[in-house]
């Protein structure tokens, strides 16, 4: 046996790949310059990007933040440079108006700054939709969020009571948060399994949010939203009481009727009565004072929230075997989807009052809300129909096989799954409706675009164009882009769930 | 299901119902606010400032009415309306009165069923051109591109004018004054036409106003005035006589500075006394109290003061009184006597 | 099965309307119908009552009264003395014009960007993504006014041409101004004239005989060309040798068209600066361009996403299977990938066409006189007939939309996977 060996016993050391294959150079060669055509495209795009960015930056960076009028801006630029830089003074002067419209800001005598209310409503909106949209956040974290938002608001409002309540809420939030962060997930899961006490489901807050938000925005007596919410409670109890006696269908019909009677005839009286006994309320704000982005968000959110139940009913109607019901639903959906929103807004601004009983007169924002809701409902119905159609047939058949009746099957089997599949579609519908709210400027409402015209009617800012459009476009972009990202994320997550 | 939507909405509205047909005065008093329709923004006439407080010539008139009726010049809700929505807003009772550069025409008065209570500004449609075009008369505008604000009587006047003079033009319809100004300044149209007051207001905000000129031709009569719904004469009377009170106050030399003194006790001039309520019962006849006119005048001053403050020669808009001078000074502003 | 559930005669009770599944659906439907009719009746009676109070009687006779206003862009003859109906008709044509133009450019743009988004070139795909996200996430109305502002502020005004600061492009045939673009127009010195359809009514319609003649010759040429191809096919099947026909096929299309153009005296009319404006030539107004551009860019961003999704939806296995069968890449694309991608792409594409058409109603923001600007704008203002004009407006849009939907459904049916 000799030691002679013709086979290399040890591996050669790995050599670094050639410089042209790794690092930035390699990446660039692979992605940007692989081929003549691609290289030309890359160079052209780089030139284009450089041109656009340098132009935008030189325009955007201008020392005009504190100018009080366009003529002051012109002085800053000097005569020779002309009009080639932005005049940001208009944003400095008006950004609050662009955000809040004419919501009371305490500038007039005898009024106070109420803008915390829309801000709080907006923040609470996030808290309310979190359990629906991001179900990876734990129950405790939801309550932490709620405590934090409420606590900060009461701290901001100040006063001895405000500070005490605020500190208490924040402390409670911190305590829950500490527990949530330190607890071991699996151990906690086991505890829950064993029947440990849990915090209430945060969906409770989501359910009461629709009553809180209008109260925060419009103000008035607290008893009105409570009365409205009581309608549901009363209906529920009537149903519970009647269902065993007279059957579920009769129970349901009677419950709906009782709730309607309560809402239409008794709620206002109840609210007035309670208000005279225990007056709790916020200073009322006219919806006319809504404007700017607050108006857009209000219209978008209210329309989507209200259109969801209508959309579900329409989608079920469209899927149903009942010929007349189906025809009515299809007719409504196709009609609304067939006409542009602007004609519906014309209806809101000029005709809706004519369709109502003589003497009825509700203000333009409410009329717009009604029409936009109907508009969104038709689109929502199609989204939910898509969700229903995407459910495997086996689910329907399984529900039938279990002997569930139509409503039970819908409530327990079909809808939870169909709605879950539809969430991305619902979010895109919301983005669409939110973008479409700028159309209300055509009928004279002061949404951001409408306000831009009103601002340009101010002598100081007459002639400003790009700054306002740019600011509005940027805000819309931020809102819509983040929502569309979210919906994409959701789509991805749902897809993995189903494969 | 649609029904529930409507009914639900009605409930949420808290039944903001109010009889719109009659008794506007009672409605306004019950509400404690006057709903006044104004433009969505026209320099000098109505525009919100950074705090959302409305200012302008038309706005001050709304405030005067609110002061007369409710005793508070700030008890006004300003409802911005477009050319399209303004008449429906008034007809449907959404606003109690319209103070929005509205031309008094027969068809609006009769066919659309409104009452014009008077004229607070005598206007006419003019043309704004840049000096370098070398145009001295509107008849030289053959083939020109003309920016017109739609939703007004101007497009009809314009079509008539060019047809009558047998010259061609290219109309460019635009929605708001701000857009018209932008297009005109960029040269996308040769001339901008709207009411001469609006032109002056627009020109005033240019970087170089002296480079632009309003042509001498006024191609239409545009008596602008506040209007109310047809059929509620009591309310129309109140609005009409508030306007007249402001006009008379200027004629009689009552200003917001000397009104306190003049209204303290009856003076030598019986008409002043009747107007300010120190004599007679004119206020009572209108269904108001004796001080109504005093409050209206104190809200923003008399007609001349309102004019001077918002659109007069000391403002950037620098409109001369012209036709809008008192009749004694050769203008058309004339109030029936307070008697 | 039916025998088991056969009803026993004479045992009908009222509660069966609710609890017997044979009657229940009928009950629900009747209740729904009654509710619907009651709602309609309620709305109608309210409307009638309100209108009576306002002293307005619903009537469409105002449509036959003189409109009194001018329309800058009109595809047919119109003057301010024509009726409101004629003005609305002009508006309708303008709506259709911008919708068709927008759909074409949006599709082209969307397909290009959609493909570029899948490009291996990092910068190109990022740029396409920026374009798509930027346009999709900002309201289209904002884009429309923005585009209009760009056109107005950046392009030269006609007086700049007079002063020599700007000049016409493409050998002095095209003038790009901030009032629009002027391009040469086709003219015929020996024109055959027009046919006047529908006489003197508001919907009268002139059709150029020159155009008809050209179209007739063109169609004839194409048909002949198809015949030649058929003959070549037959010959090939019979003899195995395909005769060379392309020059014939080209010739029968081109030669007659050129001949007709020559007979009619075809020439181009160039725009020239006269007085305040350019005269002659075709004037593409900047309101049209702004609307067209903004709608195309906006809708193009959506179409790009649809195209991308469509291409991604065809699984890679399909390509591999096709090459395993020996298909060349070109044939793979046309026979395997495209038909499958199109099935995914077409339905949302058409619904985007629908959206574009509906969004064209935002024309009023830039003063383009479409149907919303004429019928729903100036006519509504001048006559004060809100109810009638809005109803007519909705009817028009509904008709357009339903037509497009019908086409969509027909197409969907025809490309549906035939399941067995």
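Chains: A, B and C, in written order; residue numbering restarts at 1 for each.
What we mean here is this: a residue touches a chain if its C-beta (ideal position, glycine included) is under 8 Å from a C-beta of that chain, and two chains touch if they have at least 3 such contacts.
Being a predicted model, the structure only gives us computed values, none of them experimental.
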item: Central chain (distance from its CA mean to the mean of all protein CA atoms); value: A
item: Contact-richer chain pair [A-C vs B-C]; value: A-C
item: Centroid comparison with subunit C (C-alpha atoms), farthest chain; value: B
item: Geometric centre distance via CA averages, subunit B-subunit A, whole Å; value: 40
item: Distance between the centres, which are taken as Cα means, of subunit C and subunit A, whole angstrom; value: 32
item: Centroid distance [mean C-alpha coordinates] between subunit C and subunit B, Å; value: 42
item: Two or more partner chains touched - positions in subunit C; value: 53-54, 149, 153, 364-365, 380, 386
item: For subunit A, residues contacting two or more additional chains; value: 346, 350-351, 353-354, 358, 442, 465
item: Touching two or more other chains - residue numbers and ranges from subunit B; value: 2, 21, 84, 88, 175, 179, 182
item: Contacting residues of subunit C [partner subunit A, same complex]; value: 18-19, 25, 28-30, 32-33, 36, 43, 46-47, 49-51, 53-54, 119-124, 127, 133-134, 136-142, 145-146, 149, 153, 354, 358-359, 361-362, 364-365, 372, 376, 380, 386-387, 390, 393-394, 397-398, 401-402, 405
item: Touching residues on subunit A, where the partner in the complex is subunit B; value: 71, 74, 93-94, 96-97, 101-102, 105, 107-108, 214, 220, 224, 228, 260, 263-264, 267-268, 286, 288-289, 291, 306, 310, 313-314, 317, 332, 346, 349-351, 353-354, 358-364, 366, 369-370, 373-374, 442-446, 450, 453-459, 462-463, 465
item: In the complex with subunit B, residue positions of subunit C that touch it; value: 35, 38-39, 53-55, 68-72, 80, 149, 152-153, 157-160, 178-179, 274-277, 279, 285-287, 364-365, 367, 369, 373, 377-378, 380-382, 384, 386
item: Sites on subunit B touched by subunit A in the complex; value: 1-2, 4-21, 39-44, 46-53, 74, 77, 79-82, 84-85, 88-89, 92-94, 175-179, 181-182, 185, 202, 204-207, 316-317
item: Subunit C-touching residues of subunit B, taken from the complex the two chains share; value: 2-3, 21, 83-84, 87-88, 91, 107, 111-113, 132-133, 141-145, 150-152, 155-156, 158-160, 162-163, 169-175, 179, 182-183, 186-190
